[in-house]
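This is the structure I want to talk about, given as structure tokens.
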């Protein structure tokens, strides 16, 4: 179970209610009143817990554990002894994710109010039931929506707008940004700094005009210590529902579509445009001024130097279609390894 | 135009004054009194704006927009209808960059004074007209030059010296550092931490002596969330006019020359020495104890494991001369791709 | 010598005491009373200093400098004029590292007490002689051990436990974490954020349950601006004595053994398990759900996509045994370089 010092559990919750919540069916109709105490991943689940099985490879792990119920597909359920309580779902991992939020509700602004040590400019607007933690600094003209939580010592520069129900971590810096509803911004993130572009002059490097903004649409998550530069002219845009992991770098004037996923330490250089649903693996770098089509997938650690067509899947440095990359890497091992069978 | 919530524009400015400022010539002598309201990149410019055309490929973009004037070269001007107002410059991008600072002046310390919630050690020295924002913590013996701005909640450790007209972002940490004039340090940067070197002992790993400093010369820019370690013995040095992007890592005792450019998420390991004017692409890693000659260029995502001669241009992992790298990558595609013509 | 604005030196210390402290032997028994004023690396040492020579390649550097004593091995000592004072040690670098801490003692909490501007929740517990710097925010139920220093503007979330003698930098954020004794956590680090895992839903991406913790065992160092996510279910674990450099990313449920070394900008994706003594070079990426055996070494900039056996040494992207990688890279240069002899 989750450490009660850090997390507060709801429940217990009846298995029937769980099935209804996730739109699933009970394997044992008589189990609807069985009370489930907690939710846990397969390797951690104990008696009283509901867990999830989404892949046949983990059947043996399920066999060894005492979870009181399991969310799985009807097809996988055929391999599970019928005396175990099951909730059948076509998307068991999604059902499990949604159920997590039922057992562990995290209200955004649990302790509404403005800490005495917060420094709020006179002309800033703080929405109803927002929580402004100690040491927060909020500049002139800022608008914070209702029900937001602004973590301790976070600094929000003049003119920034946040929608409703945003959660901003501690020690975060936000400037020159318009942010939608339900944003989650990790601790230590830096949003709205000047873009990185210079022209050589006899006296040194002159920074190009950097008078754009960062536009973050609804339901975006931004990880810890991630940096997003504002546009030069025009805006840097993170599309609705996109998710950025920790230590990600987003250059000026990047325009990212909806529901993109950018894993840890990936970077996207200036003015590159991404469609919807693009997935970028951890540690990848995407060059500037490229067009990455909707649904494209970039394997971890890739170095992308060309446009990618919608739905394209690439890997490598320079990134090539993933089939080509697999042949390249397998070919190199064949050509040069003494013990390729052992590697 | 730039969002007035975030940026304040000067002007309008007469085209003749603009030409004088950038050392350029008007295509239409009679246009000297024409008033320019704003400045914008080519794809964003509207009537009343001045924009820039530095590359023939974008002539069609210019054709489609209503910018009231354009900075360009005399050679490119021949392709532009003569009824458009032009300012001829040999370096139009530089002229545009400089002009940006004329339209959008950003005074470093716009609101001089020390915020009541700042915590300044008794024996620190704060220069004239400096702006110390709320929550800033300044240690014993610190010297802050005149006209500096120290962003909210930034922490400056004992003994640090900043020159004049430095701008430090919010939530930044600086220790063990001597910093010149006109430094711009992004939010969330960490400057002066101990270097990463350990010796194994029977009881664990013992950290090597880390009693050096960080020396940042004049006119250096450091991006958001970048980390620069202090020297072990001796100093880590960032040469005058060098520019570091976001999330860059600089190891202990790195010595960087003047006017270097280090793009986002690049890293330079301990004791590597860079000459002047080195350019390092985003996401590159440079090993420790190397010598990178002046004017060397390192392509994005490279892994540099050997010295580079002055003027050398490398790419790849391990980095090789860029011509070799191009032949390698093209060769691999030829050898192993089924659809190399499509990749 | 170290800049007295930043570092305070003990001593002078008699050479005999130095030899005893490091368990070494004097080359000149009569030199036991000679007073050593300072310690410095070979290229910086001056008269009055003790330095170190651990590699025959640097003999000429020693020849050129005026250091008053040198720690070296008896074997290397044969190449050094006998009129120089030497301390013989089987592990001169270790002796030098340990001696550094004798000359430059850094008490963790030099100025015990709680700053007036720190915001400590009523039910938090602060150990004896701890130093809580200005602007620190400590949440409900937090336990800070004795002799800790918590740097200015650091934020420690509810329920976090720190052992004794921990040093936490400025602007650091820690949540959902149990931390042992003598941890050193760099400025700007973000510890305990939610893991990065989502399931697609018709309304967007739903975050998976993230109700685990971060467990940091004794004697761990964590660099500046590093990010460590908490477990999803279960814990993210950093084993005793492990050292993480700056800008490192540790995904949820990573379990790292003891005495691992993770260099700058390396990243380890979720649920990967590392044995003891693993060394990961700078800028490397390790995929999720892998097993990296004890003693494995991963070269800088590698992309690890497979398990590594204990003691395995890999390099490349995808990472392969380092001998294979060397043959690959040498082979590519042979095949495709016009001037391989010059690269």
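Just so it is clear, A, B and C label the chains in written order, and each chain counts residues from 1 on its own.
Everything below uses one rule, namely that a contact is a pair of C-beta atoms (placed from the backbone, for glycine too) under 8 Å apart; a residue touches a chain by one contact, two chains touch by 3 or more.
Not measured: the values here are computed from a predicted model.
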Touch-based graph of the chains, sorted into line, ring, star, complete or other: complete
Inter-copy rotation, subunit A to subunit B, in degrees (Cα atoms; steps of 5): 120
Same-residue or different-residue interface between subunit B and subunit C, half as cut-off: different
For subunit B paired with subunit C, centre-to-centre distance based on mean C-alpha positions, whole Å: 28
Numbers and ranges of subunit C residues touching at least 2 other chains: 117, 135, 153, 171, 188, 225, 247, 265, 317, 332
In the complex with subunit B, residue positions of subunit A that touch it: 117, 119, 135, 137, 141, 153-155, 157-159, 171-173, 175-176, 188-190, 193, 196, 198-201, 204-213, 225-227, 229, 232-234, 247, 249, 251, 265, 267, 269, 285, 287, 303, 305, 317-318, 320-321, 323-324, 327-328, 331-332
Interfacial residue positions of subunit B with respect to subunit A in the complex: 2-3, 5-7, 39-41, 43-44, 91, 93-94, 96-98, 100-101, 103-104, 115, 117, 133-135, 151-153, 169-171, 186-188, 219, 221, 223-225, 240-241, 243, 245-247, 259, 261, 263-265, 282-283, 300-301, 316-317, 329, 332-333, 335-340, 342-343
